[in-house]
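Listed next: structures, encoded as structure tokens.
Look for chain A in each of the two complexes below; its partner is chain B in the first and chain C in the second.
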Partner chain A sequence: MKMVIKRTLTASFVTLSLISAFSVLADQGKGLELAKLRKQADSGWQDSQATLTMELKNAAGDTSLRKLRIKSLEVNNDGDKGLTIFDTPRDVKGTAFLNHSHAVKPDDQWLYLPALKRVKRIASRNKSGPFMGSEFAYEDLSSFELEKYTFNFIEETTLDGQSVYLVEQVPVDRYSGYTKQRVWLAKSHYQPLKVEFYDRKNALLKTLELKGYQKYLDKIWRANTLVMNNVQTQKATTLTTTKLVFKTGLQVNDFNKASLKRAR
Partner chain B sequence: MDDLWHRRILNYPKTWIVICLIFIATAAIGAGNLYFRGDYQIFFDDTNTQLYEYQKIESIFNKSDLISIVMAPKQGDIFTPQTLGLIRELTEQAWQVPYSSRVDSIANYQHTFAEQDDLIVLDLIPPELTFTANDIADVKQVALSEPALRQSLVSDSGKVAVINITVQLPEADNTEKMVEVKDYVNSLVASYQANHPDIEFHQAGIVAMNYAFMLSSQDDFATLVPAMLLLVMIFLGIALRSIAAVAYTLIIIIGAVLATLGLAGWFGFFLSTPTVNVPTMILTIAVADCVHMLASVRHHMRQGQTKQQAIAKSLEQNWLPITITSITTALGFILMNSLDVPVIRDLGNLSALGVLLAGLLSLTMLPAMLSVLPFKVKPKSNTHNTDRYDRFALWVINHNKVLGISALLVVIGSAFSITQNQINDEAVKYFSTQNEFRQAADFMAENISGMSSLSVAIDSGNEQGVSSPEFVTMLGKATDWMREQPEIHHVQSLADTLKRLNKNMHGDDPQYYALPQDQALSAQYLLLYEMSLPYGLDLNNQLNLDKSSLKLQLTIDNLGSKEMVELESRLRVWFEHNAPQYSVMISSPTLMFAHIGERNMQSMLQSLPMALLLISVLLVFSLRSLRLGLISLIPNMIPAVIGFGIWGLYSGEINLGLSVVVTLTLGIVVDDTVHFLSKYQRARKLGQDAQQAIRYAFITVGRALVVTSAVLVAGFALLGTSDFRLNSDMGQLSALVIFIALIVDFILLPCVLLWFDKQQYAQAKNTNEAHLAIDTNTPQTNS
Partner chain C sequence: MKLTALCGGATLLALSQSAHAEPWQHSGEAQVQQRGFFQKKPHSENAPKHWQGSVMIEPLWQKVTDSSLTSVKLFGRVDSHDKERTHWDIRELSYLTYWDDYEFKIGIDKVFWGVTESQHLVDVINQTDSVEGFDGEDKLGQPMAQFKAVKEIGTFDFWILPYFRERTLPSTEGRLAFPLPLLDAQFESSKEHNTLDLAMRYSHTLEDWDIGLSYFDGTNREPYLQQRPNGITPFYAQMWQLGTDIQGVFGDWLLKLEAIHRDSLETYFAMTTGFEYTQVGIFDTVMDLGWIAEYSFDERDSAFNQNDLFVGWRLAFNDMDGYEILFGLSQDLDSQHTFSAKLEASGRVGENWKWQVDAWAFASDQSNSPLFLLKDEDFIELSLSYYF
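Take a look at the complex of A and B:
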């Protein structure tokens, strides 16, 4: 009698774990599939030029404003290329940052310092530090690539009345500042509406809300307001796109070391 | 009215017991709301200048609650593959500490260097480093030369390494979260200690200090309260020689403690290092009320009265003295409200509440219990003892000139020796040398740096103002000047980062290890640097949002409060002379403690005349005699004078805990005076002269005073054994003062009465008690 029960228990346990193993596999498959759809939906824009403002806010409510422009070039089968030009604060006006992002290996980064009139390559594996003292890390702003994460589909749900997929993505790079991100992708256009960032001890660090989605080129959906809240320090950063134009005719040679000095 | 009240108690004792029990139980439920607060902020008001500046600095820059792991290999060198590997491993592990937002060590220090036009940013001990002899030499060279690291994360000697973990504790349930952090670090360190017995580990930082505060409260609570109860039982057993009396007294005093703690919970109080001693205080003081009641009941029963008669008589005789002594004692505690330390005010208010409750219970529930429950007395005479007190009285009377003058000399000597006392509040020294935190502090002081810190925030007044050449030059000078100060062990300064970057950007040419003199260049260096840093190692702890303000973090010797305040003013003077255009804030927990002692003592001295006045008025009122009221000032004031005089010779250090001793003991020593003078007065009113009245007072209350003083001295002496110096110093000095008060009451007070109270008492013959004619051979002995 006892044996039978034990055997039944064992059998059901094995079945259960098999089922759950399958569902994990299935979830990983579905996660990757959704990530692919996300990447696909955001491709074919070729290049873009954007004007942005970044508002930093601390726990006490003080704010500080930064203005910048970002030129981007879509690169197939590798990370995109980007050129960031800082307009304010005044002291860093004209400082330009060039990055060739890569899926797995560290990004190539150069900085032009007008006060020094030199281009410097930054050899750093760090991508988790704050971007211009904001709550955005460099890695939060770099292009989305499938190779950077492993994915896991969690559930279909709703977020503020919109149907969404909740996907968990785990960074592959050990130099990432995160253990995982939870991403809410809109069912309508597969772009994220909300992201939660978990720090190294797997505690919630930041939440990003993406608002004001607009359609460009009849197919590309971009949010014009990104609000990053640090739940641990109560600091926040709002990144607002004031102008965004696609297909402006930028070429690869607009994104090399020489182009940095020319950048205005 | 009083008669009616007494009869109500005695006619319906069971109802009264039930009422009291219901009250105690209802109140006690509130104890569930009590919680511990272990942080150091509880010692400061929100309006405290230093706390305000500190909180402001914290809100402008990131909060900097730190817990540090200190590692010292026993072979005396951290620059070995094994230890460096361990530092790297532990640094990595430290990110798992709950609420951690930043980890700094020599392992993850962001080392920058140039290779042609490349700026390379790397961990000083990167994950793949294999520790060849060359690697180690490089790491050592950087670690011991980089101003950001030397004397902060690694000792000059290369013997000690430190890992700093910054935590962001949420506001709510701060103490609970702090314990979570400390527990995690404890187990982390314990596991590493087990695997590496050849390395000495310590923990430091504000989190460790807060934890030590909390632990010492809990230790005090767990050891002192039971010890006090035991002491009370032993003492009562000896004094009352009745198990029933001991049991009833315990019920009353435990009831008073429970009700007080419960009400404290209902009123939203919390427990902390000082308030955790409220039970001990109440236990100590409340015993006296019960002793007076029980002794008097026993006395009347021995005189042949029935139990009920004896209780009634005892109530009638004791309700006024118990009420008055409860009020004066409570007053002493309530006067702590003038002090600048919130938790000490809490201690005062809760103890006052407890003393009043104990007084109330001993006038209601105690007689009710005695009336219903068994209480037997063996008829036994005590004439031998009373003889002894009479002989002592005669001896004092006969030698009053010699005794009085010697007492006067002692007082004068003490007044001089009081000047030997110096106010000193040093949080580290609050803990005994047995304490783990104190040991860590001492170890660090010996091997790397003090544990004290100062945050200096400089506001340029303009956005991006910290990069202006003017500001940068000032910063460089300030940093250099601070490093020359002997008390300052380490300065974390952006000046070092800017110099280093300037050098890096010029191909590591040492000539360029200098501050950039161009606003845009400094700003662009910072932008570049910030972009290359990893998570948690940013500059937000040194620069504010719009880069208008900058923070310098100083590590300094564990200074006494005087030296600390002196250093602060030296810093302020430097900034006034060299940077008058910038506004500067200087603060730290250490500085808060350095200031609070002085201010607290001032408040205490200001409140003292008020305390004396209030208590004297009470005495004048209760004795209905201005002259005796004035005379009572002498035995009430002098014990504290002598006590602090002796303290000046014995210790000479006055901390927060001691500032309460004067008012606290004043409220208690008054009781003895009240008992003595009321008996003395009674005799005088019956027509006796001062000598006879003194003898009468000795015979009637001498033993009771010795016995109650003994329990008070024992109780406070017990508090004096606390590991926590605020409590132990308070206990020791209070015990001393109460002991001296007894001697003063027994020696100086009779002398003063003999000298100044020679007049006949007016009402002598027409009082209606006259026919009772005092018979010194059969007095009430309260024994």
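Take a look at the complex of A and C:
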């Protein structure tokens, strides 16, 4: 008798596991499908030039402002290329950062130091470090690629009155600073409205809010204000795009070490 | 030479000012600096026993268009004691134009080659401004014409370098100086300063490797210091040099090698090799700790780094004010008591100010070691800079 009960229990447990496995598979399928829609909706912009301000705020409320410009080039079937030029703080004026992001392997990164006229290679496997003392990690600013995560659809819900999909994405790279990210994608344009970042201990580390979405080139939606709040340290960074122009005619040869040295 | 260049440059600027509508961007740095020496044993009675102060200014003007970049960077320092350290220079006065895969630059500028941190063997285009920075990182502006081609198979650079500049060296009125007065320089070439030097470089990035090959033919930037009864004569010989610099990135590791074969008064081989390893987010903070270790070898027994090991740590706070601390130790492996140590710390105050502390200590019991001259010159240097 005991044996029978045990067998039945085992059988039903197996069945339950199978059902939940199927539903996980289905959710992964839907998660990936939404991620593809997100990527697709943000493609075809070719290149862009942006002027930004970055306001850093510490727990005491002191603020510090940085001004920067970012040139970007869309690359099909790999990560995008980016060139960031710092205008302030004054002591780092003219410093430029070249990033060739990749879908799977680590990004290739170089930093140009104008006082030394030197280009330094950056060992970039560990992308969890902060970008310019801000609450943004390098990996937060790298281009969104499907190969970087596994996806899981959680639910359809609303966020501040907007219809959204909640998707969980787990970084594939073991050197990522995160165990997972929860992303709220707008149903209207598939771009994120909010992201929660969970640290290596699986505790909530940061929340990112993306505000002020505008449509460019009749199809590309971009937020002009990104607010990253570190819930563990109470520090915050606001990244504001003050100017953004697409299809400016940038080419691959605007994103090599020679162009890094003359970037101003 | 500097004045002629400046007049020529001013004319050029006046012309370009009227020809284009793009505005000039102004920026720069102004600095006050105080050095404190621990040992009261200067080489001369005129030199300061403990304190040597100075002020510096370095304004920069730049004009950027879609296909060109014009730069003017001047530099001047006034020192409390050392008349050689009271000096000015044209760091940059150059016009760069670029099209497709090519670049052409003419004027005065600085060029850096290399990958290692403890010394820069392959980097030979610019003369060192050694009164300005004790560590050899500061350079004098070099007149040049440069052509660059960026191709699939790599980047090719060619330089013509008219005019040779002598190394700046501290006088006996200042500290960190030679024990004897400096005499007029002598040259192997009868053309003295008016030589025409050539340089070329090939560089390429192959996946995780950055490689460089360079060739230089001209006046050796490094003077042979010849002792005479009444002082020291810097002698500038001719040389040619073949150099390579290679860097590989593997995870959090950067592997580095610089090597040269130089044929001057002496013919020799020298190299520096090592690694830089970065720990991101140490002790559960946002701070990074970099580990640097480099070994240097030089065939000349009298060289600074004939058989030396450098180890260093760089701590970056990654905070709003950009605090950074670097500690480095250079040990002569042939002589236990010959070493130098440096500590560098810096940070920002507000948007426009930056402080920096540099401290150096030297030890040597070998009278033939270059460090022996510095053994009583341990110092700490405080700098406060305003960026505008």
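FYI, the second predicted complex is superposed on the first by the 248 of 264 C-alpha atoms of A that agree within 3 Å, B and C clash if a C-alpha of one lies under 4 Å from a C-alpha of the other, contacts with A are read in each partner's own complex, and residues count from 1 in each chain.
What we mean here is this: a contact is a pair of C-beta atoms (placed from the backbone, for glycine too) under 8 Å apart; a residue touches a chain by one contact, two chains touch by 3 or more.
Because the structure is a prediction, the values reported are computed rather than measured.
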(request) Give one word, clash or fit, describing how chain B and chain C relate on chain A after superposing. (result) clash
(request) State whether A:128 touches chain B only (first), chain C only (second), both chains, or neither. (result) both
(request) For A:58, select first, second, both or neither according to whether it touches chain B, chain C, the two together, or no partner. (result) both
(message) Comparing chain B against chain C, which has contacts with more of the residues in chain A?
(response) B
(message) Which partner chains sit in contact with A:91 here, chain B, chain C, both or neither? Use first/second/both/neither.
(response) both
(message) Looking at A:203, would you say it contacts chain B, chain C, both, or neither? Reply first, second, both or neither.
(response) first
(message) Just to be sure I read the superposition right, which of the two partners does A:258 touch: chain B = first, chain C = second, or both, or neither?
(response) second
(message) One more residue to check, A:117. First (chain B), second (chain C), both or neither?
(response) second
(request) Tell me which stretch of chain B runs into chain C once the two are superposed: 290-298, 434-442 or 542-550. (result) 542-550
(message) So chain A touches chain B in one structure and chain C in the other; where do those two contact lists coincide?
(response) 56, 58, 62, 64, 89-92, 116, 118, 121, 123-126, 128-130, 133, 177
(message) Help me check something: in the complex, which residues belonging to chain A touch chain B?
(response) 56-60, 62-64, 86, 89-92, 95, 97, 109, 111, 113-116, 118-133, 137-138, 174-175, 177, 199-201, 203, 232-233
(request) In the complex, go through chain A and note every residue touching chain C. (result) 56, 58, 62, 64-65, 88-93, 106, 108, 116-118, 121, 123-126, 128-130, 133, 177, 253, 256-258, 262, 264
(message) Going by the contact rule set out above, which residues of chain B touch chain A in the complex?
(response) 59-60, 62-63, 95-101, 110, 115, 117-122, 127, 168, 463-464, 467, 505, 518-525, 527-528, 530-540, 543-547
(request) Provide the residue numbers of chain C that touch chain A in the complex, in ascending order. (result) 25, 27, 29, 62, 64, 69, 96, 98, 100-101, 103, 109-112, 115, 137, 148, 150, 155, 203, 205, 210, 247, 249-254, 276-278, 280-281, 286, 288, 318-322, 348, 351-352, 354, 385, 387-388
